[in-house]
Every structure is written in C-alpha cells, then in structure tokens.
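For clarity, chains are labelled A, B, C, D, E and F in written order, and residue numbers in each chain start from 1.
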C-alpha cells in the first residue's frame, strides 16, 4: 500500500458569518474573517489517495486521471469563485477550512473509487500558517 | 548603501473589470479575474528601503519602525478587505497587481522618508506564479 | 473528526552537551552543536489539534484562541531566548529537538483541553533538513 | 516514541515505459514521462525514523549517522545518475515514484535497524505537485 | 515603468561535456554533471518583462498572453525533454544554466516585443542552491 | 554578462547591543535582539557573481570552486558559532544583518576575483521576513 499526493491551487473569496448573528457577534466569533465585503485566499489543496502499485506500470493511480478528477469536481467549481455564493456543494455550509475540506472529501470520494483508488486524506491550506487535514470520518 | 527588505502578508478580495465594458468584454480581457462575485488572494508584500548603516547601531533603519509603518499605512487598510470597495487609496483604480504596487509606493514613500530611510522597491506577489516590482518611476 | 494545524516561528540559541562529559566527548557525540559559545536557529513549530467542527460556526477550534495559547505557553517563553538557560520548562533537559517537542507537548496539553480541543501532534523543525513529530506517547 | 525526519535531495534522469509496449501505448499510459531520450527531476527525499530519545543525549538517533547511511545507501547511488540504467537496486523495476520509494525502503531498513532505530516512512517528492509516502507494507 | 514576472516550471534531462575532451577531463571540469547516462532537474523559470500599465486595464501586459508565449516558445520545447539532443535552439550549445538562460532570452525577445512589452530578465533555477539571471547583454 | 548565484545556509548565535549603553537603552533600540543570553538564526546566504560564460565550458564560473570559496571564507568561520565572540572578521562590529553582509563582501571579494569572476551581490536572510542586499558600495 502506497500513499500518493497531488497538489493543486485555487484562488477564491469567502466570508465567515451566520446571518442570524448580529454584526457584532459575527465579528466577535469570526474576527476579520466576517467582513461583509469579502476577503480571499490562495488555497493550496493536497489530495492523498492510497493504493497498491500496478505490477505492470508501477503506478498506484494514473496521476493524469487523478488530476483531471480534481479539476472537474473541485478546481473548476471553486477557482476564482465566491465560496459562499457560487459553489453548489457549499450552499448552506460555513466556508471555514474545516467545512470546505469535508465538502471536498464528499465530492471526490466516489470519482476516485471509480478509477480504482481510495481517497485517504484532504489537506487544505488557507494561509502559510493555517491548514486542516480530513480523513473521511 | 545597503538594501533592507521586510516581508508582510495580507489576504484580500478583488475583481478586475471596467463598469463601462460589457460582461463579455470584461471576461475577454480580464479572464476569470473579472468574476462579479469576487475572488481573492494571499498577497505577499516585500518592502525594500535603502540607507547607510548607522555607525553606532549597525542598522540602516529600525526594522520595528519600518514594520509599524507598513502595518499602519498598508496592512490595516487592506488585510481581510475588499480592494475594490473598501480601500480609500484604491478608489477609482484598477486592482491589478501593477496598480496596487504603485498605490502602495505612494502610501509608503513619505512615512519612510520621515524615519530617515528611502523607499527603493515594492514587490507584490499575487500567487506563486505572478508578481510585480515597482521602483517609483 | 478533523485535524487543524497552526504554524508559529521563533528564534533561539541553544547548545547540546552534558556537563559531566569532557569537551572531546561532547564534540564526538553532539558535533558542532556542542559549541560552548552557543549557536541558534529559526525554529518552525506546527501545533495540530483534533476536534469535531461546531455545527454553528463550522470551526473545530477558534484559531485565534489557539494562537493565543501557543503565544502564552510557548512563544513568549522561547522567542529570542537561550533554550538552555532561560526557559523554565527546559531546566535540566537536553535541548535536542526531540526533548523540546516533548516539553512543548506538556506545556500545551492542558490549556488546549481547556478550550475544548485535543492536542494531536507537535512538529518542530530546526532547519529545512531536520524535524521531529511527537504524538504524546 | 518520537518521529525524526531527515531531508536529502538528489538530481536524476529517468523514463517511464515498458519495452514490450509500442511507443504509442507507452505514450498513452505514461504521457510525456515516456520520452525515450529521458527527462529528469530534482527529487526531495524525507526519511522518517522512530525511536525513544536516549535519556543521556536526548536524541532518538544520531542525525549525523542517519545522514551518513542515507548518503551511502541512497544518495551516492542515485545522485546525478540515470535511475533506469545505472542504479543496481532499480534494475528490472519501473522508475515511478511509487517503485523508487519502495526500493529506498528496502535499501534503508536494515542499516537503520543496525544503528538502533526503526525506519518509519519514506516520502519522495518528484515535483512540487507530486509525491508519495511509503510505510513498509 | 513596472516589472512583471511570470513563473513557469519544466523538467528535463541534460549533460555537461565536450565531445573532444576525454572522459577524465570532462569529469574534472564538469564533475557529476558530465555523467554520460544523463541526469535531470526540475527547472524553475522566471520571465520578467517591463512596461507601463495601460490606463484602462491597469495591466502592463496581459499575463495570459505572456504565459502563452512562454508555453509556445519555451515550455513545449523543453518540458520532459533532453536539452542536449531534442531542443532545436540548444543544438551545438553547452546546456549549462548560463547558456540555457541566454538561449531562452533569444527565443522570447521578439515574441514579447510583438505583444507590446519588453523582455527585461530571464532567471533560471536549476536547484534550490544554483540559479542565473540574464538581462540580454 | 551573466549573474550566477549560489545559496548556502548556516546557523549561528548573536546579540545586538552596545556595551556602553544601559540594558534599558539596549532593549529600547534593539528590542528582543539585545537579550544578553543570546538568541540565534538559520541564516540563508545568496552569493551572486557576474561574468561572461566561457566559450568552451559555457560556465561563467566553476560553481564547485565558488562553493569551496564560500565554505572556506564564510561557512567554516560562522556555522554553529557565536557571531559576536567567535568570528575574527566580526570583532568590534555590530552583528546586524547589514554589518554581517558588508563583512561577508570584504571576505569574498578578493578570493572570487582570484578565480576570475567578480562578486556582484551579497544577500543575507535572517528570517523569512527580513533580509538585506549589499552591492559593495
């Protein structure tokens, strides 16, 4: 069993807030991330799959296929977008790195299974100082 | 003469567009950066000043003072903000990295002179693949 | 369950040696790190906590609170300090990255529990070529 | 138990292909990596060992000894070499990052045991976007 | 006048040697880089152009156009290639980073002029420790 | 004319202070860097030389020779050392990055001329946020 990781990047706008909170409460809990006029990030995404290297090709998964899946199910939907208002799989969810990573897992799990590999980890970096890792449960 | 550089970072939303252009023309010229719902970046900013090291302290400029000036005139105004709508010195300007860098120069030139150093260069990185440098003319 | 990591940095002096060893034996075992006049590093510290994202805020832990804890219990005590002589929780301990990481774990475990999260991993980098990871046992 | 990692780098040429495949099939499966005239990479290698810090030295393993082992069993054999034709332990194997990482594990496991530590993980990066991790099974 | 830089990467094989030298002399002068079986690198390329930001778009050059030019005149010709035997504009030239950077300048100067900007600098990194910069003369 | 840069790293302890100042004044001017018990850094050093590529070898300077000079005149004298008390060419000088960079220039200028190249720039990084550049005057 080997673990293979592909890095991708995207740029997006977002805001952390709850509509039922007052502006003051949003600011208290979410700090500067609650700015109603949005802010944004260069997100760095690491997708790790696990699998057994194919005895003929020596590859656990075809990296080109993996990259195409990440493009189709994630990057095309989030790159240069507003994560709160324009991304179907984020509707009704907080756009914290925790919730984005969980949503990415749900987006990628089946398509990766369909090419014969198993999604192992989502790592999502919001800045050089903050990142999350999610293993599906 | 020595050149001293301080790195700072900030996160912001922006959009490239001209209101008098059609959506189609904006998309054609500015690509994905014209998205009306915003997107954003982790900007990395390098401020370079030049000066002669003080014979007693060995320092060309006090880095703590330089950092405070950058905080006051730049970071507090742009961090977690919308560069198109919330930053006074960007009103009426395109938020391309070129124009942001030039605006930063204008913000910093006098305050840095006031502490006895000379602004030499603004370097502004929008992503790991794109950056500009501006020398004041 | 999600794993959230905060990066912090600090600069410190240290020395690897045992007072009961001869200078020659210290040099043999600890190499250049045994220099009696000290040397130092830019340490990079990654604190990973695990938790379940709050259903209202979408956050497993408030990052600002986590950062404040790391500042109070670690950074303020070690930044621009001598790890061998000035840091209370390192008294009587070797200042190898292994022992520093273990000491950091002991410092952070309770304060992080007190804000409702669980410390999962300490990762401490001494140079770009050497780092340790500690999981508490 | 603590996990200690040493980073090393090397530069090498390689090619992904199977001699019994047609050029067209090689290109289809391995893409540009099948170029018959070779291409190459700056590989970055992270060797992680686990151990209990020695109560006298505070070190889980002597990093200088670990580095010497990696030099002898890996770097001297692969640096500035052709991985397909010049590296004894790669004969008859595909030079995918998966297979290289597994081969490195086999090379290092015993020598690291012999200095009293236990190999825990091989991480091998081929580019800033692709890497694998192998834990020995 | 503003300076705008685009980063691109490519992977290639190469060898430093002169056919009229003996193997011994090649090894003496070029070291491990003279290996007859090739080795390779992940090259990082920074293309800097200078120009005056357009008063309407705020951009000194259209980055998408610049990237297309670099793709067409450089990346498609060198990525996953052997720099000594497969790249037309390197025939009869040493594949040192110095000579590659000069050849890249010659490739890019006219096409960049043709889109209204001026090539200012080629920066080519061979490893994290070695790079060259070329300004056209 | 081409500019070639070699990166080297070293770890050292230092302190910014003037013996004739009171502790309070030292703290006021030099901040945490005045700690009497030392602190330290992982310094990153970039040495840039300029020259014309040799028509036979394609190289402006032999990188191995350049690296040996930097090792001999700089790294062996400063690595794992105390910059204030153990480095001959720093005696009586402040150990600010400005003054260290100027001292490195003086150390390297002649030896680099002696191998037929010309020192162009010293870049010295103290942390990821602070660095200086010195061009010899």
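General observations
As a convention for this text, a residue touches a chain if its C-beta (ideal position, glycine included) is under 8 Å from a C-beta of that chain, and two chains touch if they have at least 3 such contacts.
Fair warning: this is a prediction, and the values are worked out from it, not measured in the lab.
The set of chains in contact with chain C as well as chain D comprises A.
When each chain is reduced to the average of its Cα atoms, B sits farthest from chain D. At the interface between chain A and chain D, two copies of one sequence, fewer than half of the residue numbers in use appear on both sides, so the contact is built from largely different positions. Note: the chain lying farthest from chain F is A, by mean C-alpha position.
As a whole-number value, the distance joining the C-alpha centres of chain A and chain E reads 34 Å.
In terms of their C-alpha centroids, the spacing between chain C and chain E amounts to 42 Å.
Centre to centre, using the average C-alpha position, chain B and chain E are separated by 29 Å. Of all residues in chain A, those that touch two or more other chains are 128.
Every pair of chains meeting the touch criterion is listed here: A-B, A-C, A-D, B-E, B-F, C-D, C-F, D-E, E-F. Against chain D, the residues of chain A that register as touching in their complex are 1-8, 48, 53, 56-60, 62-64.
Contact residues of chain E toward chain D in the complex are 9, 11-14, 32-33, 35, 37-42, 79-82, 85-86, 127-128. Residue ranges on chain B touching chain E, taken from their complex, read 16, 18, 29-31, 93-99, 101-102, 128-135, 137.
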